[in-house]
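Structures incoming, each one as structure tokens.
Next come two complexes built around chain A: one with chain B, the other with chain C.
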Partner chain A sequence: MPERQNALTSLLLRSSGIIFFLILWEASSRLRWIDPYFLPRFSVVVAEIGRLIQDGSLISNLAISSARAIGGLLIACLVGLPLGFIFGRWFPTAAEALDPLLRIMSQVNPFLVLMASTLILGFGETTKFLVIAWVSVWPLLFYTITAVRSVDPLLIKTARSMGISESGLLQQILIPASLPTIFTGLRISAGITFFILVAVEMLNASSGLGYFEHNSAMNFEIAGMYAAATVIVLLGFLLNRFLIALERSLFAWRAPADFLLGSVHTDKKRVLWRPGRFATATAAVMILLLLISGSFEIQRVNSERASMLSGENPGKHARHLGSEVGK
Partner chain B sequence: MTFSGSHSSPWRIPFMKIIAVVLVAVAWELFPKLGILTSNTFPPLSKALATIFSDHVFAKHAVTSIGRAYGGLTVAILAGLPLGLLLGGWFYRLQQALEPLMELFGQANPVILSHIVVLFFGIGTGTQLFVISWLSIWPIAFSAINGVRSVDPQILKMAASLGLGRWRLFTSIILPSAAPAIITGVRLSAGYAFIMLIAAELMGATTGLGYVMATSSETGDMNGLAAAALIITVLALLTDLLLKQAGKRIVVWRYQGVVT
Partner chain C sequence: MTSTNTTKIEIKGVGRTFPLKTSGSSAAREFTALNDVNLSIQKGEFLAIVGPSGCGKSSLLDILAGLSPASSGEVLIDGVTVTRPALDRGIVLQGDSLLAWRTVRKNVEFGLEAKKVPKAERRDISDRYIKLVGLSGFEDHFPHELSGGMKQRVALARALAYDPEILLLDEPFAAVDALTRENLQNELLRIWNTTGKTIIFVTHSIEEATYLADRVAVLTTNPGTIRQVVDIDLPRPRSGGDIRSTPEFGRFRHTLWQLLHSGEAHA
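Up next is the complex of A and B:
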């Protein structure tokens, strides 16, 4: 079976880089090329991840971070998608006129939004949702406008000549035709969101994966710090891979458009599975459950932290903003 | 990239674009003054501008920040471009082996890694440069790989049959064909560099616009915050515009913009 053998060697080749990197990590610590205090062995970090999963702190912070990411993305979708359709379909001139203004606003630094909203709204969850929504709304909006505007005019004309209503046009032509491009925007948004979320949690939060990593570093729990960092990097990688695979299987007729944020464009990918209605519904329910359980976890942790702050023991460390790294 | 569409008349759209930006600037100026927004939290535009020009400290911090951002971007280009060109052009198997690792590295958040990098480099320029440049390396490398890989093989064959050497093939065929993709990657990277600049300066610096933001938000100096915000946004915007124009000038035959 030459094809299967081919697939196996290609898999081996493609994973060889990562395997080599992990071996290098393990070896450089084991053979004391780098002080093992600064760089714990990879096996130690894996064991630490296992321990953190068992004592529940990793799962709890994971749920909190995902709830924040999903909530922020949902807000961005609720704002960006309708606006994109309205601008793209009904007010194209306005979209063009507002283009420079929107570009300027999209260039506003997310950390700036974080500081400003912290000053105005305080350290609460609203600030985090706002920053995440701010970051993720721009790709969604721009891609939606572009998607709606680049729907084949022949399709629209044909549907019109068959006497379709405006809502029918939206449902049957515009939305299906622009979905692939919108999904690319959503994928880019999700990627950036995860980045910024972790950074925001590190600078300004008392829960979540970013906070957990930061807190371990502040307390010189080096293995815990590496464990959290590894989980975060792995999650980002898997999220990116998952969304690319989903895009490929959902919109198989279309060549992958965007390579910049992730991987190298490779053609000739066979689509093994296409999600149907059932899979989509299951995914939606799971995302919703994650959002709900995460928000309960946020509430629990926040109230716990508040009672800790008001009591005798004021938490592990209270100050985040402006505090120097590594101290 | 603009949303190209039917134009009613050639001058109307550019005029409206300017009007839209001016309107928002006027709103920023008037809303706090009329009391629609409280001027304690939203200082008017003129006040932010006055703060910038009244205090020489801002110019100094801005120059420091520009130096850091462009330094980080330069490091990213110097690391990412040769990597991408080599992997895309000559070492196909190595590219296959390294690509997932590079993807993993591209997902590694420099803010998170900064704790680890600090253990090795200490607090200072090394860590700052790392945080700023790390994220920018990968879009450049990936776009260079894709650019090189998408060179039309017909042209390559023709050039080779006309007797072009390896170096000439690279400089006069591969590099120009890959240029549009590379410039797109560099534009994306420049955006990342400016985002991460502020993160780096917020975390551990005693100079730069991010430091100004941190101190003015701690003391509740909204004028200082607004001034720093204005400078940073304008700098990021100008850099993007500059790269866009450079791209148009270098790649006159086929300019592809990113949508974002």
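Up next is the complex of A and C:
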């Protein structure tokens, strides 16, 4: 019983900052510290989120944004992980030679990439996937190279002394030993992906959460704007929490780092989770479903918009007028 | 082939050189780690190799394991030249060589998987060797939950599990405290007694070599070569009493000490 009480106290303590912030938000609008037209009350924004869920536009944009994020991340993984292993294990000299180039490329501002790829590839989905993949591939690549190169030579020596082949070494030693570091790279990539996705959708899309946010602002639907922003923040937070939890249970075999720091959370028993075939397949199917349903949603929204705009003369800011579609 | 009845390992004129990277000079320079090492080891023998750091002990062990090639000479095991690593030699290295993501049991079974032993059989074998090194009850623990001495026991069990005829040990107890080291030494002697393996044990500790081995090969440095092989005619079993305090033990210890230090004087 005292254990449960402790957990409750800890939860209250840890969420006190959030609660205080929300009260401040509500109060500053109610007491007119800030003009409520520009900052609607938190309760109004929550109600708006509820309305947007009911009319389907939030779900639609959410599906579209998730598909873009997952698609971009998948491309980044497909490029970054194999390249990281190839450079890290078999061509360390090439990795060293290419390092300055790769570092400079990783510093190229994604908005410049967006501009260039919009010019070359147009406003289509390819541009969005490309920009997202461009941004998220670097942490994955660099973390994978570092991970593979820092595998303890003692482990490699031990495995080799048992006559294990290079492919066996990859499966039995290199991949499991590098996974924790690679996962950190993935977590960073996912965070950046989320960031850049919203920006890309604001600049270069007619659907998705970023577009919805931007479009609401352009049309002075202020509550809608805050609703979208709140959902985006919440989503990013949940994604981050999910990945941290996954990391903790996947790599529970590591010596806990928080133990060294004398953190108060050491009493939490970490339970190792080894995803079996079923769990892995389920995760893969879910990711694929998100990707496919999002793609269909993108097509649906685009064709609807095309039929609405046919006959009209699409002006400079025509896409902002198309906000009716989302409703 | 006639002389291989009892000779397990034959080291014939083994040398090992490493190219030195020197910028500016056109002449290719080499560092000689090992030079003309000759040694034959009997089946079931416990041989220790002592020498100062940098004498090529670990290079010699790598060549024996087949992990790196000899620059000259060759190593024969049962009359066959060693060209690559194989499961007839088990190796335990200095430091933590356990796979951190595997439990004690799965670590011990690692070599058995490489040997393609069926799963049910793997379990029986790992049970047996975990018991042999005194770690029953820790099967499902992860390495980070073990002490340094326990980790080395797991490494030993892993090397023993796939039943190699030869054990190559490279300073396996260097990183543990003195009391644990004594325990591990006695465990090793007991295991050697019950399994009858041929053991080559590399160490920098004269005392450890004297306590464990039938014969001690003293390596001198720069280039690494065998100065002398000393027979340790101490009675077995050596555990139990305090054999380290006997005058005989002290004499062997002193002989080795002199060999090591006169070697340094020449260099």
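Here, the second predicted complex is superposed on the first by the 284 of 327 C-alpha atoms of A that agree within 3 Å, B and C clash if a C-alpha of one lies under 4 Å from a C-alpha of the other, contacts with A are read in each partner's own complex, and residues count from 1 in each chain.
Methods note: a residue touches a chain if its C-beta (ideal position, glycine included) is under 8 Å from a C-beta of that chain, and two chains touch if they have at least 3 such contacts.
Since this is a predicted model, take the numbers as computed values, not measurements.
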Combined model on chain A: chain C and chain B, fit or clash: fit
First, second, both or neither for A:S161, with chain B first and chain C second: second
Dominant toucher of chain A (residue count), chain B or chain C: B
First (chain B), second (chain C), both or neither touched by A:S10: first
Vertex chain A; arms to chain B and chain C (CA centroids, nearest 10 degrees): 80
Which superposed partner A:P176 touches (first chain B, second chain C, both, neither): second
Touched partner set for A:M115, first chain B, second chain C, both or neither: first
Partner chain(s) touched by A:V233 [first = chain B, second = chain C, both, neither]: first
Partner chain(s) touched by A:L98 [first = chain B, second = chain C, both, neither]: first
Gap in Å between nearest CA atoms once chain C and chain B share a frame through chain A: 5
Chain C-touching residues of chain A, taken from the complex the two chains share: 152, 154-155, 157-164, 168, 172-173, 176-177, 251, 253-255, 272
Interface residues, chain A side, partner chain B - complex: 10, 13-18, 20-21, 38-39, 88, 92-93, 95-101, 103-104, 106-112, 115-116, 118-120, 138-139, 142-143, 145-146, 149, 185, 188, 195, 198-199, 202-203, 210, 213-214, 217, 222, 225-226, 228-229, 232-234, 236-237, 240-241, 259-265, 321-322, 324-326
In the complex with chain A, residue positions of chain C that touch it: 65-67, 84-87, 89-91, 93, 95-97, 99-102, 110-111, 113-115, 142, 144, 162
Touching residues (chain side chain B, partner chain A) in the complex: 1-3, 5-6, 8, 13, 16-21, 24, 41, 93, 95-104, 106-109, 111-116, 118-120, 123, 127, 135, 139, 142-143, 145-146, 149-150, 184-185, 188, 191, 194-195, 198-199, 202-204, 210, 213-215, 217-218, 220, 222, 225, 229, 232-233, 236-237, 240, 258-260
